[in-house]
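Okay, so chain A shows up in both of these, paired with chain B first and chain C after.
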Partner chain A sequence: MKKNITVDDVKKIASLAHINVNDEEAQKYAQQIAAILSYIEKLDEVDTTGIEFKSQTDLKNVFREDIAKNSLKQEDVLKNRKERSKGGSLVISSVL
Partner chain B sequence: MDSNYELIIGLEVHVQSKTKSKMFCSCDANYFNAAPNSHVCPVCFGLPGALPVPNKRAIELCIKTALALNCKINQNTKFDRKNYFYPDLPKGFQISQYDQPIGYEGYIDIETKEGKKRIGITRIHQEEDTGKSIHSNGETLLDYNKSGVPLIEIVSEPDFRTKEEVTAYCKRLRQIVRYLSVSTADMEKGEMRFELNMSLRKRGESTLPKYKVEVKNIASISVLEKVIDYEFKRQSEILDNGELPQQETRGLVDMSGQTVSQRTKENEADYRYFPEPDIPLIEISQDMIEQIRAEMVELPQAKKDRYVKEYNIDADTAEAIITDSATYVTFENMIAGLSPNYIVEIAKWYTGDYFSLVNNKERHSGFLDSMLVDIVKMVVDKKITRANAKEVLEISYTQGSKPEEVVEQKGFEIVSDTGAIAEIVEKVIANNPKAVEDAQKNPNAAMFLVGQAMRELKGQADAQTVKDMVLEKISK
Partner chain C sequence: MKQPYELTIKEAIDLMNDGKLTSYDLVKSCLDRIEGMEPTINAFTYISKEKALQQASQIDERRSKGEPLGRLAGIPYSLKDVYNTYEEPTTAGSKMLDGYISPYNATVYEKLTQEDAILIGKTNCDPFGFGSSTENSAYGITRNPVNTEHVPGGSSGGSGAAVAYGGGLFSIGEDTGGSIRCPAAFCGIYGLKPTYGRVSRYGAIAYASSYDTVGPMTKDVYDNALVMEVISGIDEKDATTSPSDIPQYTEEMMTTIKGKKVGYVKEFMGEGVDKDVKEALEKALEKYKALGCEIVEVSLPSTEYAIAAYYVIGISEASSNLARMDGMRFGVEDSASNWKEKIINARGKGFGAEEKRRIMVGTYALSAGYADKYYHKAQAVRGLLKQEILKAFEKVDILVTPTMPVTAPKIGENTDDPLKMWLMDAFTVTINPVGVPAMSIPCGTDSQGLPIGMQLIGKHFDESTIFAFANAFDSSKE
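Let's look at the complex of A and B:
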């Protein structure tokens, strides 16, 4: 099964990720993504009949008790963007 | 709403669970009034190497809610990633549940003017809350203290046909999660939020409409009611013009209920749900379910029905008592071990005179709930009159005085000595020959004589006893 990735597919994915992609780039990425997908499609060759869905680990029910511990210090949280914070909040351009 | 159209509504309700720590990390979940970004860690931000580990208590609370809403439990469950890109979600995905929610196929019975109605619950699942964003002056301020706080999502079937049903459901649901101590569900703090799915169809039609309008982020029941009114008007106008309202997500303009179209949101496929690879599968054992079931308290509707059936309390009084845990616990403590004739009276006094004192007067520290019981017992046992009992209650409530002492000081004790009453009744009869003659022809006229006797007794006698005695004596 060969997946055909169109320019529109790329633009849709880009818009979901809020990334600007122009036509030229979209063309290039469409080919690259198609190549990646066809590589992964090798997995389709494996016969999985009768094999149940399985987690990547045999572990089950790994829980924490409900105990609150110390978090990061606010100054450490803001360390990398001091100039873009206000009263402890991170500041970004308006998303409204 | 008198109209050619009928409402079709389904609700998604989000409730923050009351845990000490967040859903997948040990950050303090009580973020209220905390300094911005002081309750965050690498797990909240999804930094490389961070490993989310589910909060056992939160899972238990979700199962408890599912059981309370009569849901089946998915004993094999898991978490999934819901991918979307928005600044209030630093990881780029929300950990939620996709195809194996903890609870499914449940219901809540609500009460309407037309009687009981069953609202189907499609699913209940566990997820995490997002951060808080404040938009001002062309900037967005982000505080991630709320991100990762456990959030239970309760999805209903499109079973609501009136605004009143929606309100009754939301209030009952809030009451249930509070009874269970799952959530404080304080809407002013955003602990309970609503998403409305609404469309209209012509009365008499039975299929679901071909469109659905979704309104997100509704923070209170009163705003939800206003949104329903606004959308009803908006959608009926479009339908009146022979058009079909657009299937879309709309946002609130302000608290007035007005909505505006939002740019097209992602479709379900765009969320690219996939199993959360960092959290192993979860198996909910029957033992765990039974243990949680054993922890459950009697739920509001069951309690109300029991009060009505077992104690003969009327429905409105019962509803007032089951309002919240504190109110019913006080009541149940008061009536413990008492016989039913006292209980029904206590219910009336508790929700009537006592509630009114609570709302209007300062409670004296010396007042005990057992004093209300003492007073009501005196009324039922005909030791004091109702009118005097009200006064005793107010004095005890505001001054902390013992009811028996108030009764004694005020001389409120009813004359129960039938000999003394008989003496006065005879005197009244002797002094009013004309009234006696009237009363012998028309028993209703005997009330004059009863009144006279009560006046002589200064009101401290049981009116029924006096009346019986008057009727007996004049009939001779």
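Let's look at the complex of A and C:
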């Protein structure tokens, strides 16, 4: 079945994904995403009654003791935004 | 006589132990080779020249003093540009991470450093692993050194090309749906995607966390087994790593394969497989028969749906993993004062077309109202796929398939049709959702002289059998 994806659909998805997409890009993506989704629809043909996927290998949940130890240094973590770090924190524009 | 850059790891180690080669000369030879080849090939995004030469001199000095050295002492290698190394750039092939300097080391890098291997650079790749040709990289395409009109495969295309031309003796790739095996096949080298959880992924930039694996790309089977002995094992920083013992792969690869059962997957030998590829595979199966193996036909009917299931889950996980690329703490930044605009603009500028496409389809597949139809359905199909493959392994010891249905396409041949490019990965993407190990080894060339790769698929944590089959195949060549 051919899936129909409009430019508005693309813009909505892009906004959910926090990606800026211009009109020209949206046109192109609408066609490509429609083709991809039509291909994926193939999965509907498979009978998966009672089938479940649990994990790749037999590994179960892994736990460790909660012991405090040194992690990355603040200055290392912040060095990609040196100009916006202050007193070991990152300064950003206000969210609220 | 071979130039140092042409040596395998084992040959180089033997020569260094005999005092016939220094690590400095070896590293210098690889760096000179890189300088000569890079204007054409573009396999590297970053070259660590001074540091590598300095480390080589130090190792030579330690060797001359008779100090104990690691198992890969003085061997130059490259990392796919998705592995963090302290104070060095890591781009993941994306503009999003242009200028990013890693604040920590990936475990695989620490393990190799512990054994005195020398990092000479990081290699080009499709952004975040998104691609099978390295044509999507923000840092230019990489060309196949076997024939520069053709792609090297992807996404670890830079690693494949670098190992093939001698830019380092081995490389560490990353495989989410074929990213080690595809370039290994197209460049004529050896690439292993280990069992999920065999090698720590700490410090590897994530694509799809339930598929991602770290593995070696080498010039022969022994080197691959050797590097696997070094990089495997449990890591408290990656909870998915297995506590099971690390086999002595370099010894176990010598095990005889006589009497073993080889499964050939009939669905992977049909329509869409190039004539030359099919013939090379048939010859390989004949060879295994001559080596005393029984050839058994195996059917994996759900593989018809593997690509669809693989992509739905893969891009869903990718859309979630890549949410951290917000331009706030590292990478591309936008100057907007509003926080949300700042993020949206940074991602709009930083991500390329393939990244945007995958993130958007992934977001769609996970969105309210569609998650059952796409994501959960794909997981169920994945369960079916695992059942079929495990059932096949009740009958056979190994599965043998072509790695890719075709040999390396020409540059630009598939770039306008993303779906067509995805379909090329049918035989490799089937493996990652199930977590079993698989290796691509060279098994001939097509009529144009382009390498053909054969995929050896093993049981969970049974890399040893894969190595034994690869070694038996190569040994019978000589």
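Just so it is clear, the second predicted complex is superposed on the first by the 73 of 96 C-alpha atoms of A that agree within 3 Å, B and C clash if a C-alpha of one lies under 4 Å from a C-alpha of the other, contacts with A are read in each partner's own complex, and residues count from 1 in each chain.
Heads up, the rule we're going with is that a residue touches a chain if its C-beta (ideal position, glycine included) is under 8 Å from a C-beta of that chain, and two chains touch if they have at least 3 such contacts.
Here the structure is a predicted model, which is why all the values come from computation and not from measurement.
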Report task. Classify the contacts of A:N20 with the two partner chains as first (chain B alone), second (chain C alone), both, or neither. Result -> second
Report task. State whether A:R64 touches chain B only (first), chain C only (second), both chains, or neither. Result -> both
Requested in this report: Could you say whether A:Q32 touches chain B, chain C, both of them, or neither, answering first, second, both or neither?
Outcome: second
Query raised in the report: Touching A:V10 in the superposition: chain B (first), chain C (second), both, neither?
Result: second
Query raised in the report: A:V46 contacts which: chain B (first), chain C (second), both, neither?
Result: second
Report task. Applying the touch criterion given at the start, work out whether A:Q56 contacts chain B, chain C, both or neither, answering first, second, both or neither. Result -> both
**Report entry** Touched partner set for A:K79, first chain B, second chain C, both or neither
**Finding:** second
Report task. Counting touched residues of chain A, say whether chain B or chain C comes out ahead. Result -> C
Report task. With the two complexes superposed on chain A, say which partner A:S94 touches: chain B (first), chain C (second), both, or neither. Result -> both
Query raised in the report: Can you list the residues of chain A that meet both chain B and chain C?
Result: 16-18, 55-57, 59, 62, 64, 72-73, 77-78, 90, 92-95
**Report entry** Complex contacts: residues of chain C adjacent to chain A
**Finding:** 86, 99-101, 103-104, 195-197, 210, 236, 239-240, 242, 302, 304-305, 307-309, 311-312, 319, 323, 326, 328-331, 333, 337-340, 342-345, 347-349, 351, 353, 356-357, 359-365, 367, 374, 377-384, 386-387, 418-419, 422, 433-435, 460-461
Query - Touch list for chain A against partner chain B, complex - result: 16-18, 55-57, 59-69, 71-74, 77-78, 86-96
Query - Complex contacts: residues of chain A adjacent to chain C - result: 10, 13-21, 25, 29, 32-33, 35-37, 39-40, 42-46, 48, 51-59, 62, 64, 72-73, 76-81, 90, 92-95
Report summary line: Contacts from chain B onto chain A in the complex sit at residues 19-21, 26-30, 35-42, 53-59, 78, 84-87, 133-135, 138-144, 266, 270, 275, 277, 279-283
